[in-house]
Amino acid sequence: PCLTSRWTVMANFKGHALPGSFFLLFGLWWSVKYPLRYFNEKVNKKSHRNHGYQRLDVIEGAAKIIFAVIGMLAEQFVPDGPHLYLYSGEERTWVKLMNWQHTTMYLFYGLSGVVDVLTYSPLKVPLGLDRLMLSVAVFVEGFLFYYHVLHRPMLDKHIHSLLLIAVFGGAFGILLEVFLRDNIVLELFRASLAILQGTWFWQIGFVLFPPWGGPAWNEEDHDNIMFVTMCFFWHYAAALLIMIANYMLTFWYSRNFLKKINKSKTGISYIHSSSWA
Amino acid sequence: PCLTSRWTVMANFKGHALPGSFFLLFGLWWSVKYPLRYFNEKVNKKSHRNHGYQRLDVIEGAAKIIFAVIGMLAEQFVPDGPHLYLYSGEERTWVKLMNWQHTTMYLFYGLSGVVDVLTYSPLKVPLGLDRLMLSVAVFVEGFLFYYHVLHRPMLDKHIHSLLLIAVFGGAFGILLEVFLRDNIVLELFRASLAILQGTWFWQIGFVLFPPWGGPAWNEEDHDNIMFVTMCFFWHYAAALLIMIANYMLTFWYSRNFLKKINKSKTGISYIHSSSWA
Amino acid sequence: PCLTSRWTVMANFKGHALPGSFFLLFGLWWSVKYPLRYFNEKVNKKSHRNHGYQRLDVIEGAAKIIFAVIGMLAEQFVPDGPHLYLYSGEERTWVKLMNWQHTTMYLFYGLSGVVDVLTYSPLKVPLGLDRLMLSVAVFVEGFLFYYHVLHRPMLDKHIHSLLLIAVFGGAFGILLEVFLRDNIVLELFRASLAILQGTWFWQIGFVLFPPWGGPAWNEEDHDNIMFVTMCFFWHYAAALLIMIANYMLTFWYSRNFLKKINKSKTGISYIHSSSWA
Amino acid sequence: PCLTSRWTVMANFKGHALPGSFFLLFGLWWSVKYPLRYFNEKVNKKSHRNHGYQRLDVIEGAAKIIFAVIGMLAEQFVPDGPHLYLYSGEERTWVKLMNWQHTTMYLFYGLSGVVDVLTYSPLKVPLGLDRLMLSVAVFVEGFLFYYHVLHRPMLDKHIHSLLLIAVFGGAFGILLEVFLRDNIVLELFRASLAILQGTWFWQIGFVLFPPWGGPAWNEEDHDNIMFVTMCFFWHYAAALLIMIANYMLTFWYSRNFLKKINKSKTGISYIHSSSWA
């Protein structure tokens, strides 16, 4: 597509950078939160786990809602956004459907946040619904992308279809969490794929809408396709290294600090934890 | 396809409105029934649950059989239906295969109803077969649609292929219910997808066969495709909001009425339930 | 394809009728065996189940081996078969690859029979391997068919691709049996798909190679495709009705005969069983 | 592609023979290791299993790392390799992307080895992460192959796409092992698919890059495609026969030697084991 306007390029770049940052933030947060809870459980023998982490889940849900609202407002009210107009009666055409699609994507993440918050309300929402709703939100994102890219140039199509691996992989993993709740392996998998999505959104922005100008990539060069494929997996390798680093930091932190706290609380739990270290 | 006759349009519209209404009815019913049973179990500690709900399951099975028979008769005996003729010897052609396909779809839902009823008969049908049969019926619907749309105009194809997401998603969820019976999360998921199917059948009717005339949609406009994709997920968002509303109404109802009934029945169960509220 | 020779038509017809009969035989046998075991268990409280049914499993395995050997010999040594020649050095071409493919299919069912027999040998093969091997055999059949039909006329392709639904559905169900062994629902599902495969193989034979001559079907007529799709699901509906009939016959038989045998054996088991009827 | 240089042919042949040997080695090793552990457990009643086999797992992880490093170095520093150059600024092209792709594949197997080793370090990595990481490595291999073969001649495409059956089948099986750890059926399945991958890599080398010259295969002959499909499944049949042979050898070995060792250790365990034989 011929992007004549400098402004459109920046808008599109930011349209990828914003969700990328959201995913990255959540991924990094999960890569610290879940190991921390895991070590804490090992020390405390699963006795008084729920209180602190339930509060965290509610805050996470609220953050999702806030991010989703920011995303929706940004997509609607940027200068060349649809400003909530869907159909132009004069021109008999739909208005800025791309922005509406992104709005739809944010909407489902917002709904997922709502279910997260309701889960810890007095409504006694069945456990697992929050995971199912998150999985649905990720599936919706995946389907929207799938239909979104059907009629695009080759490189554009390919770079988005690689994202689908992360999206559907993540959606499937979260679906398993409905039935295997609090499974640390699945939670770390989710975190790694969220980081991957985050960095890949940024990468898409840089490849398709280079923010500092410069020549665009040749969209039909087969070698570019091959490189982009590899590059995607290098992103994942990087995400895995970040996960390992965060895991080790958390391990070191929980060994040195959490245990001291527990020691001062109860002598008995200290005896158990010493056999663990 | 050039639909010259006003009658054909109405027939096709009704052909989508009828199954749409059936799915909507079942979806809404499930969105009330399962939360109600869930709250009831919480109060009653799963002790005397089965009696009332087993009877409901038999009635549901009977309703499925009746709906399926209505659907089959409607498809066969509408004025331009096949009237049970399958092959025309004179013209050496098949007769009204579209109606026969819809008949086949209803047939499997009818069989599912039969297995539902047999499950609570003295035949002691193994638990889970009813869910498997329902899953098979939904899969059959999905495969029929899949082959049905292969050679249609783009918009027609797309609008039906979106339905396949709801159909195969539902079939997969019900398959899980074979092994995870009475799982409230899966049951609510089933309810939400049934509502989605119901409203989407109506939407298909309105888009492809506008009942009040008016210009037909441009079937090859890519923007229409994009809008329809989004529209599908808005339907699902609406279905989820209906689910949440029904859940809350049921919660309020069961809190105020069910508990009083239980209180009058046994003092002991009241003590438990008060700790739950 | 122009089938000039009457002989080739018969050969091809028989090539579909033979495996069809094998599948049908196994499907019908399973539709009686599993309900019988299920009722027997209900009466006997799972106490002395394994002895009789283990012997049956060994016999089944042996039957599989025999059928597979018959199938392989038939494919190789029919008058226009390859007679174990694979490559013709003179003509520099492969010899009768179709027959070799069918031989391969039978080979894996034979291997599945071998593992069945070994499971009850003193080798102590881990339970579940027999199911895995059967699942692999069905998957291999599916993949062979999948690649087999890629370059055929439309009707031929379609009629075989419908078979893939039964094949991959069955392979997936048997895969689940690795982990959920002796699950009556999965076993009945397997039986129903085996019957479907059996009757559909016969149907393919009649459609593509009409044994009593007559005009061949128009392979490019879209209405034929639509009819064949429906017809496939009618076969499944018929298979389900056969399953229900066999289930009821078995129920009636086990109620009247099995219980009397148990009664004469032990008075205690009779008391339990009477509460079951 | 016209391979004019004799050297390129040998390089490509070796590029398939090297990973083929790695997979074959691991597959054969697993086909001995897991039955051995299984028999050992049967004798020892699962009491002191972990010690010896944990050490083996660490050694396996180290072997994976070493193999991955060898593979990466070989791909980078063969005479016509990229020597770590990724982009040629002068020619404005990517350098030897094929070798870089293979390097990426080895990288993930290396990461899997790292997680294997970390699992038994004092870091207390959650059990299951090692299997997940191996599954991810196999999935990455699969996706790389999938995109790798999109624009190749028919036979090349087909012969690699058959490999995908083994790759994705294996990845899926290993994914199940995350949740069903130490399941002997899944472990034997993994071993059989590793052997299949190994021999098939060699086969690809012989077909596409005949090392002793000779005429290349006709890449567009449909009969070659059909033969190759069958051939793939014959490889699997051979892999299964190797598995059965290794199983029997292990059985015989563990019966004659392991039991004597146990007998000399404890008299009690002998009593149990004698009832097992």
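When the chains are written out, they are named A, B, C and D in that same order, and each has its own residue count from 1.
Here, a residue touches a chain if its C-beta (ideal position, glycine included) is under 8 Å from a C-beta of that chain, and two chains touch if they have at least 3 such contacts.
The UniProt protein names, listed by chain, are A, B, C, D = Transmembrane protein 45B.
In this text the structure is predicted, and so the values were computed from the model without any measurement.
Quote the value, from 0 to 180 degrees and to the nearest 5, of the angle by which the CA atoms of subunit A must be rotated to coincide with those of subunit D.
Superposing subunit A on subunit D takes a rotation of 90 degrees, nearest 5.
At the place where copies subunit C and subunit D touch, is the share of residue numbers found on both sides over half (same) or under half (different)?
Counting shared over all numbers used gives less than one half: different.
Whole-Å distance, subunit B centre to subunit C centre, using C-alpha means?
Chain centres of subunit B and subunit C, defined by C-alpha means, are spaced 32 Å apart.
Measure off the straight-line distance from the CA centroid of subunit A to the CA centroid of subunit C, and report it in whole Å.
Measuring from centre to centre gives 45 Å for this pair.
Out of subunit C, which residues touch more than one other chain, so two or more?
As it turns out, subunit C has no residue touching two or more other chains.
Based on the touch definition given at the start, go ahead and assign the chain network to line, ring, star, complete or other.
Contact pattern: a closed ring, each chain touching exactly two others.
Dump the list of chain pairs that touch, please.
Chain pairs that touch: A-B, A-D, B-C, C-D.
Can you tell me which positions in subunit C touch subunit D when the two form their complex?
93-94, 97, 100-101, 104, 107-108, 111, 114, 118, 122-126, 128-129, 132-133, 136, 140, 143-144, 147-148, 151, 178-179
Enumerate the contact residues on subunit B facing subunit A in the complex.
Residues in contact with subunit A: 38, 42, 158, 165, 180, 184-185, 188-189, 222-227, 229-230, 233-234, 236-237, 240, 244, 247-248, 251, 276.
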